[in-house]
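Structure first, then comments.
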Amino acid sequence: MTAVLQILFDALSLGSLYALGALGIALIFGVMRLVNFAHGDYISFSIFALLWPTTAATTILFLGQVPPAVLIPFVILIGAGVSVLSEILVFRRLRDANPATLMIASFALGFVIKNLLLMLYSSRPKSLSILPGLAQQVEIGGARIPLLQVVTVAATIVILIALTAFLKRTRFGLEMRAAAQDFTMARMLGVRANRVILLAFAISGMLAGAIGLAIVVQTGTADINMGLSVMLVAFIATVIGGLGSLYGAVVAGFLIGGASVLMQVILPLDARPFRDAFVYALVIVVLLWRPQGLFAPRTAKQRV
Amino acid sequence: MTLLAVEGLSVRYGQLTALRDASLMLDEGETLFVTGPNGAGKSTLMKAIAGVVRPAAGCIRLGGRDITGEAPETIARLGFSMVPEGRQVFGELTVDENLRLGAGMRGDRAGAARDLESVFESFPMLKERRDGAAGLLSGGQQQMLVIARALMTRPRLVAIDEPSLGLAPLVIDQVYELLLRLRAERRLTLLVVEQSSTRATMTGGRMMLLRSGRVVLEGDARELNASGAVERAYFGYSDAEEPA
Amino acid sequence: MQTTRRAALFGAAAIVSAAMPAIAEEEDIVIGFAVAESGFMQAYDEPATQAALIRIEEINEEGGLLGRQIVPVFADTKSDRAEGARAGLEVIEAGADMVVVSCDYDFGAPAALMAEAQNKISFFLCAESVRAGIQGVGPHSFSASVLAAVQGATMAEWAHEELGATTFYVLEDTWTEYNKGICDGFNWRAPQIEGVEIVGRDTFVNDDASIAAQITRIRNLPEPPDAIMLCSMMPGVVSAVRQIRNAGIEVPILNGSGVDGSYWMDAVPSLSEFYIPVQGSVYGDDPNPAVEEFNVRFEERFGARPSSQYAYPGYVMVDLWAKAVERAGTTDAAAVVEELEKMDEEPTLFGPRTFTSELHHQNRARYHIVKVTDGEPAVVDSWTIDEPIPLEVLLQ
Amino acid sequence: MTRAPSIMAKTVSTPLILIAILAAIAIAVDAFGSGPLARTVIEMLIRVVLVVGIWIFVGNSGIISFGHVGFMCLGAYAAAWLTIPPMLKQISLRGLPEFLLENQFPFWPSALAASLLPAVFALILGPVLMRLAGIAASIATFAMLAVINTVYSNWSTVTGGTSSVIGIPTVTDVWIALGMASGAIVIAWLYAISRSGLALRAARDEAIAAQASGVNIERERLIAFVLSAFVCGAAGVLYAHFLGIITPDAFFLTATFVALSMLVVGGINSLSGAVIGVVFISVIIQLLRWMERGVQVGETTVAIPSGAQEIAIGLVMIVILIFRPAGLLGNREIVWTSRREPRVARTQPAE
């Protein structure tokens, strides 16, 4: 029983990262059909902003030493900032471009951000221990669970609730949900496109910052590629969750996290290195079963 | 007073010309039917007015203001409310949210709330289902919803693209009944696209016939139909090439 | 500040390489560095390259090699394989007598193959795969470092002898050959020791966002193991260690040399019971004072102490090659290879080195054992494994 | 009234001009360039094979594929299995079947066989994947790439795992690469004007109409998929014989994005776009590289910092996409007009 509980928490904490990532990608995809490959680099960028640029091995904190009450909003704002900036400087100028062009532009942008960080900080991982108080255990139902996992899961739930409230209760939220489903129709009802898109980028960037924090608290390191693997999984979660469905993206994020942990648990040792192959094969199977995704909106059309 | 004026409008998709040199005028309080066979350019014309597609040539004026090439939201905010073909409800949103979205660009919350009540009066069915997902409504109910949603924007002009598409004849009757009633009650200016001219004849109003991207016929719906000009123009007999 | 120094170093290097034909005199000896000056590998190639430059400068100050000056030339591999091959070719065309290639086997091999094709000697800066040498590149290729397997085997022997560990858990990061190499060495040595039992194994991948499932498996063992052999590398290893410790698993963790350096240890607050095999100590406590002198010289020259032991192989490399050239009386590759292969327990600043006609790598070496206590690394012991690791084990 | 020229005659100038451009570059570099520059050109030609291979599927079907570098991987490893000397294979790739372990095959037959492997793989997996459309298909191809990468990274006895496979004869020279690039262009052109290619492009532009007129989209897509797998496999073969050493992560995300970027920058809808995209980006990268190494300005050497090249190329790509969202060539092909000068003209859709 305690083992099951532990596995459940493992799955939930990994799934949390994927779910937040998927949400960030789904928000942008929803409003402008952009598969934003720069998202992973927003994650790294928001964390590296805490560090003083140096290629030396030692980490020089730039803003990392400030109390969490300042640090957390700072990282989240940086994420939002870089995301909004990329919309204004790049994506706004590509409104009429097709999805392939948009995607490659986002890749190019991510490439620029990554190489910029590489030049300023080198590829050596930077250690930074923020929120060290989380390195403890708590007992839940007889199982000893790392506090960090509990906090990650709890923070994810809080973020999801806050975002749901925003989307359900506010005018902006309503417009964003409508825009995610059918952007053109929303505009024909007077929804201002640029504002909604900008807002989507801002929230997406904030989520990137939050993921960055979750990763850095978990790993204690900032690494140029820290956002990459989360972003790839999140991207897949967005699609198998059902395009245009934010809810589907979140559920799919948790499902992939769960599948990954489950594979790690049940696969025999010799097969464990092939874990990702099984997970991705499962993705293909799901897509064949439900090409529109698990939770495709009821009026979803194939638009890409 | 002329509310909508379209002059020499052409739209191209790549190398395909979907609309060629189309013109139309619509006075306030008037009803205009645009008909024509599949692929004649009817929907393209609507989309061009709504700002969804960019015209290659020509000019569109709404209430005297040039709106050619403006963004859809700007045009909507100027009072052009479009009900596109295929009913485009936001299926994930509730009925209530769909309607509120329509009222979104209006500053007056109180007015919007009043309108919501009046819409619910006109569409009691929507009131019953107001918290249900719009995607779960039947086709006819969805059509009612999008019309109601269009009304929520307090439009000067409502454009409806193929309201009868995919609906059972009985439901189509209901939809038109409603449109007629609204026209009477609210003095709406209507721009309706239909494939067949039957409805236009029944409803009455001006009619325009498009074929292969050109306006080939224009006039009073009932008169045109009685003269048999519609039939000839529709199927492309040469004597109908000249606008009557 | 460090940025500008680095830029200055490589900026100078770039100018040297661009203007090379003018500077390199006919009688100069040229060492070509086809290493990463940008991209992912830059952080790993740079320290060893700097150490190599120090040895080159020392030799030049002492009057040169065979009475000739050594001149380094550079070409950037950009941390890319195809670029690596091209960089190799570039330094050869600039007249390199010996080609230094990237630290990692995968990234260095393309340039080394270029050298091999022209019968030039190539030296991997710090590759720790057996293929970085005869078995992979060819008979003119060497590595300046020690095989990864030796690190695993050293940890097995030492932990049993000195920590009294008998039960081990093996956690393997399947991301790279280096990681697998450490575990191969451990898996070869540990079962040979009487009374040692491997109570469990698991794998992960370096960039896994979380290894919670793997940790849960360790915690569900009936008895905690005496030690965990962790075969991993930067950057994922930091995350793994942090997660292990945060989960309340406090048993000793044994590692390869890849985790050396105190720069990352802040990430795991008060890290303890953490063991690293190193060729020399960057922490100022190396048993050989000459090593600390080197560290100081390194800092004077480049503005910071070496961040990990991976600077040292660069020094060893130039040292050994120069000795071989001296003995052969020529830079001719065949003669120098012959001299290198004669080296048996050849003393260097960082321990004795041996090359044979079968193996251009160290399958046995003296390691210092660094123990981290409360975040403070310190050398606690030195250890050389009983027997060299057999070639069959390395090639499996 | 003159007889309308056949579609072949009308379009043949495109592949000829593209091949001529590549040949001109190859000849110039062979005559005047240095060894390292020649390697740059070979690398560019290999990329042409890969990107043209990807174009056969992506350009004609309109489905963005993230998986084609996986085919390159299959081709490269198959080439390694066939051409590495048996002595080396018996050490590092012991899991190979007997006949591979004990034999070494010459380049051309091995290249053909190695390119066929991904084609066969595509033929087996294709019927499943081709049922998907749009972004779901793209994700499925990405999943395919991830599966190939994970398996090849860990199937140690057959692929050497994450360790580089070494000992592949380095036979790829400028002329072989040019020949294969030309071959790829001709194959792509022949496919594009074939019934299948025309039908697929028609379906890409007007899915419903094409289906109504009896186009079996899934089947036409499969044909394109298999053919493009074959050409991408050939790119893998060339790459393996160029570097002489391969690892699975050389055929993963970076390679995928570089190839797709070149395709999109050139223009995803035209064969000329695929080729010009590769040539253009390769040239810019080379120029930036020279700037990184330092350019002689008067007495001093001016150099941009190491690593600036990558940043600059990303910015250049973004700028191109902003000003030419459909790529450098848009939907056009380079054709030869009667005025005897190369002109850019619109492709004639299925006529």
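Chains here go by letter, A, B, C and D, matching the order in which they are written, and residues are numbered from 1 within each.
By our rule, contacts are C-beta pairs under 8 Å (C-beta built on N, C-alpha and C of every residue); 3 or more make two chains touch, one makes a residue touch a chain.
The structure presented is a predicted model; accordingly, all values stated were derived computationally and were not measured.
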| item | value |
| --- | --- |
| Shared interface partners, meaning chains that touch subunit B and subunit D | A |
| Taking each chain's C-alpha mean as its centre, the one farthest from subunit B | C |
| Most central chain, Cα average position | A |
| Centre distance in Å when subunit A and subunit C are each reduced to the mean of their C-alpha atoms | 35 |
| Subunit A-subunit B separation of Cα centroids, rounded to whole Å | 41 |
| Separation of mean Cα positions, subunit D and subunit A [Å, integer] | 31 |
| Per-residue multi-chain contacts in subunit C, two or more chains | 38-39, 42, 174 |
| Contacts with 2+ other chains: residues of subunit D | 153-154, 305-307, 310 |
| Subunit A, residues touching no fewer than two other chains | 118-119, 228, 273, 275-276 |
| For the subunit C and subunit A complex, residues of the former touching the latter | 1-3, 6, 38-44, 79, 174, 201-205, 207-210, 212-217, 219-220, 234-235, 238-239, 242-243, 245-248, 261, 263-269, 304, 307-308 |
| Subunit A-facing residues of subunit B, complex | 50, 52, 71-73, 76-77, 81-82, 84, 88-93, 97, 100-102, 104-105, 133, 135-136, 149, 153 |
| Of all residues in subunit C, those that touch subunit D in their complex | 7, 10-11, 14-15, 17-19, 37-39, 42, 76, 78, 81-82, 85-86, 89-90, 93, 105-106, 109-110, 113, 117, 129, 131, 135-137, 174-177, 180, 395 |
| Residue ranges of subunit D in contact with subunit C within the complex | 34-36, 39-40, 43, 91-92, 153-154, 161-164, 166, 170, 242-245, 247, 249-250, 292-294, 296, 301, 303, 305-307, 309-310 |
| Subunit D-facing residues of subunit A, complex | 35, 37, 90, 93-94, 96-101, 103-105, 107-109, 111-112, 115-116, 118-119, 228, 232, 235-236, 239-240, 243, 273-277, 280-281, 283-284, 287-288, 291-293, 302-304 |
